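Each chain gets a letter, A, B and C, in the order it is written, and its residues are counted from 1.
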Amino acid sequence: MFPDLKNLPSFDTLGVEEKIQRFCSRSIKNESKTEGLKLALSMLDLTTLEGKDTRGKVEQLCYKAMHLHESMPGLPTAAAVCVYPSMVRYAKKALHNSGVHVASVATAFPSGQSGLEIKIADTRMAVDEGADEVDMVISRGEFLSGNYRYIFDEIAAIKTACQHAHLKVILETGELETLDNVRKASEIAMHAGADFIKTSTGKIQPAATLPVTYVMLSAIKDHYLQTGRMVGMKPAGGISTSKIALQYLVMLNEVLGEPWMNKDYFRFGASSLANDILMQLSKAKTGFYQSDNYFSKD
Amino acid sequence: MDRLDVLKTYKLFIGGAFPRTESGRYEAIRDKRGNLIANICLSSRKDFRNAVVVARKAQEGWNKASQLLKGQVLYRIAEMLEARKEQFVEELVRQGLSRIAAVQELELSVDRLVYYAGWSDKYQQIFSTVNPVNSSHFNFSVLEPMGLVAIIAPENDSLLGLVSVLAPAIVGGNTVVLLASESRPLCSISFAEVLNTSDVPAGVVNILTGKTAEILPQMASHMDVNAIVYCGNKEAEMKKINELASENIKRVVFYKKQNWEHPSDESPYFIEKLQEVKTTWHPVKI
Amino acid sequence: MKDTTENVKFKAAWKYAPAPEATDHVQISSSYDLFINGQFVPPKNKVYFETTDPSNGKILAKVAMADKDDVDLAVSAAKIAFKSWSKIKPQERGKYIFRIARLIQERAREFAVIESMNGGKPIRESRDIDVPLAANHFFYYAGWSDKLAYAFPNRNPAPLGVVGQIIPWNFPLLMAAWKIAPALATGNTVVLKPAETTPLTALKLAELIQESGLPKGVVNIITGDGSTGAELVQHPDVAKIAFTGSTAVGKFIKKATAGTNKKLSLELGGKGANIIFEDAAIDQAVEGIVNAIFFNQGHVCCAGSRLFVQESVADQVIQKLKDRMSTLIVGNPLDKNTDIGAINSKKQLDTINRYIALGKKEGASIYQSECHLPEKGNWCPPTLFMEVSQSHKIVQEEIFGPVLTIQTFRTIAEVIEKANNTPYGLSAGVWTQNGAKIFHMTQKLNAGVVWANTFNKFDAASPFGGYKESGFGREGGLHGLKPYLKFD
């Protein structure tokens, strides 16, 4: 059902930034750090979205997703590998029964500047090729022009095209600019059927930030209280260090809590984050600061 | 054999770096007896143009920094200058001052920086107003920096004069392109070294050396310069500045004084001269 | 709409491991004397008392008990020092104060740790708020030293002489900075008496001042109890008294200085109204409530201790507040994750508990978040009292703890009347996204500090002080110079 956009809560930007600083002042040490880092690994959507992607590149990334660091036992696999529709079949084959999902971008990613029919066809291709999850982009131009109904309808249409695949809706918060816009876009996406709301394509700056993530987590909480449905969240782009990843987890922990602290309801869209986490885990184990020479880059 | 000194190369200070003049030209600075002290760069209008681009880029960020931060940066400049007292005294002496005069000039310069550091979070409190308008509005006027200021520094008091016009400009949130004293330019580049170690963001202060006659028209006519400060008393130069400044209604400030040692040569009005006034209205009715 | 809160609990599952602040670099002597005339001298009667850590009762050091003779010695030193201090070049005066600011910045971490150990406040607050604000206060006032003519044009400002300053235990170092910095900048000399339970950071400040080269006698720091303060108030050579503390003691001091020529400034208690309108940014308003009453365990004179929430959003706000309270961590002040530290003393804890018992007796409904309290030490969980009115004593009297009373309101006129309906007048908070409403409220609220869409924000450049029984005189900003000057 199309949501009531007139009564959405508004956000004071300075107040949100101060709250973020509070989260960032948490000191995560020892066993809670190791716990958090391992959790973050299990939430990774390892991503390759480049014009020059090939079968070989994708297969190697998939191997990494299933074998993050063999020399350290007890590590989880990544949650998913995220690729373009043309690469889905290779990822599907490479990952087969590992439990790592195949996520595909679709809908004229990243700009979304195309007709609805093409976006539906794009989605169908990804699903037919075997994607478990689809990451779509909303039409930001339409949103900023005030055509909120259009956004609702396109998301609903893509959700239908997804069939059994889970739908993540990318808001591209860097283009929406204000926190109130992010809140509004989140509301539309959730009511239109999104399984996850996601911050960014990672193709423009700024990508994910703690303030927009906070607003989206608040939206998810309100949505649950209103409808009883849990929606997941994925910040993507710009999360390159363990320190930052832990700040996101602290925020998730204190805003939504236990039910969301797993890969079914939270993902990190990242690539280089994996190795930074592995280096931190290694340091925790050995006591030595690490070099990236000792961790595979695939 | 006595040890040979490694002589300093005097370059320009633009964007937090020390490039040579793109024109490749130089000017020899000699002491009273005609001996060469150093070759300095003879800046060209392209150097000035480049400096303006960099100063413009730096202005928004510098303005946004809190006044507390600006004050602490100025205090740091004072710390760094004090620490290099001997270096500057020696340089001033080589440029022709007596040792006593050089020490006094250095000490006054440090104290003047501390003076303006102290104004950073206070001048707004004495110059802003809340205006009792005849309607239900909250109406207030605050100062805002003019933006990019070109400065022709004093000829005499080559260190103290420079500090006296530079500090109030930047503490007020402006960024600066400054042309040093033509006859005594050495301290200005050494001062740039001090700026470089004082947490001053790159591009906030840019220092050129060279001929006033060549650079002055560029400063006065550049359409992206918001204000020009001229220290001197040559009528012809002042007239030229005013004529060229009319192209973009540049704000023009003249300081005719020949030296800067008097206590009245520092005051918050030096800051205020490079500020605009912005007035805001908001209803107060429910 | 489903009854949903049953199904999913927004509970923070991930427990944070202890993250203790390192204390091995911190130097606390076993015993401290009185800082008089640039030296540490023993008290005349050789009496010392212990100062402890309220989170575990450990004794941290012995400090001196200054008696009448010691007070006299300190005031005499200040009087002699005033002769030269008031005459040195104002710019040079400023440079001493800049030095003190810089030294505090260099030793920031040590000060923060000792502040938390001696007072009970979380290290996160002493490190991120108290110590930086203290350093900045010296930095700000240093700059005024040679600029007074601009602050008071046409009035010929001159210093008063020896100022006696008595400070409380809730922000020990910050209150010392708020007192000493403007007094010095305006050319006065100082005898400062820190609070009985929190002398250590003032004594470390004395050590720092000794090393800064400040001429001897310009700042004197004497520890003691209420009797020491009384001696200082009554000393004939003290030209001015500046006091921050309870309204009761403030009234006593005002009476005691009546008939003398002593100037006086008082910063006393409060019962701040924190007002949330339905058009507020609710999420940030809830955070604002937390900052208003749980910051520093509620040991804040300007705390937003009376919440007024517009009835149409009351349920929402209270539920969100309870959710937020569940993530507040009460515990070891030196743990970096602690949000709420220890209550400063057994005496204060008893006072707070008396009010909590009173609230229950008065029929208010109480809510306290589930939190694990340590066994040793003085602790109080964050507490809400709902279903209260202006007539409840817990709504009228200052509790000075993490206890919030919550009242609803319906119209602007109603909440203004209720907010102002108190003998206090220190602070107020307004939460609304409507600009005109903000300015209307700030005009109508009888408080010295009004925070709109924020709370408990302090800055050296911002004047702070109360109306009515919250005291008079301002600290901070240009206005903060006035209490330390006389004019033609």
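One rule holds for everything that comes next: a contact is a pair of C-beta atoms (placed from the backbone, for glycine too) under 8 Å apart; a residue touches a chain by one contact, two chains touch by 3 or more.
None of the values given here were measured: they were computed from a predicted structure.
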Query raised in the report: Of the other chains, whose C-alpha centre is the longest way from the centre of subunit B?
Result: A
Query - Two chains sharing the most contacts, counting C-beta pairs only - result: A-C
Query raised in the report: Using CA atom averages as chain centres, what separation in Å is found between subunit A and subunit C?
Result: 44
Query raised in the report: Once you find the CA centre of subunit B and the CA centre of subunit C, what distance in Å lies between them?
Result: 41
Report summary line: Between subunit A and subunit B, the Cα-mean centres are separated in Å by 49
Report task. Could you please specify the touching residues of subunit A with respect to subunit C in the complex? Result -> 9-12, 14-16, 18-19, 22, 25-33, 35-36, 39, 218, 221, 224-228, 230, 249-250, 253-259, 261
Report summary line: Counting only contacts in the complex, subunit B reaches subunit C at residues 67-68, 71-72, 75, 111, 114-115, 117-122, 125-126, 138, 268, 282-286
**Report entry** List of subunit C residues in touch with subunit B within their complex
**Finding:** 91, 94-95, 98, 136, 139-140, 142-147, 150-151, 412, 434-437, 439-440, 443, 460-461, 477-478
**Report entry** subunit C residues touching subunit A - in the complex, by the definition given at the top
**Finding:** 1-2, 4-5, 7-19, 124, 128, 281-284, 287-288, 327, 336-337, 433, 453-454
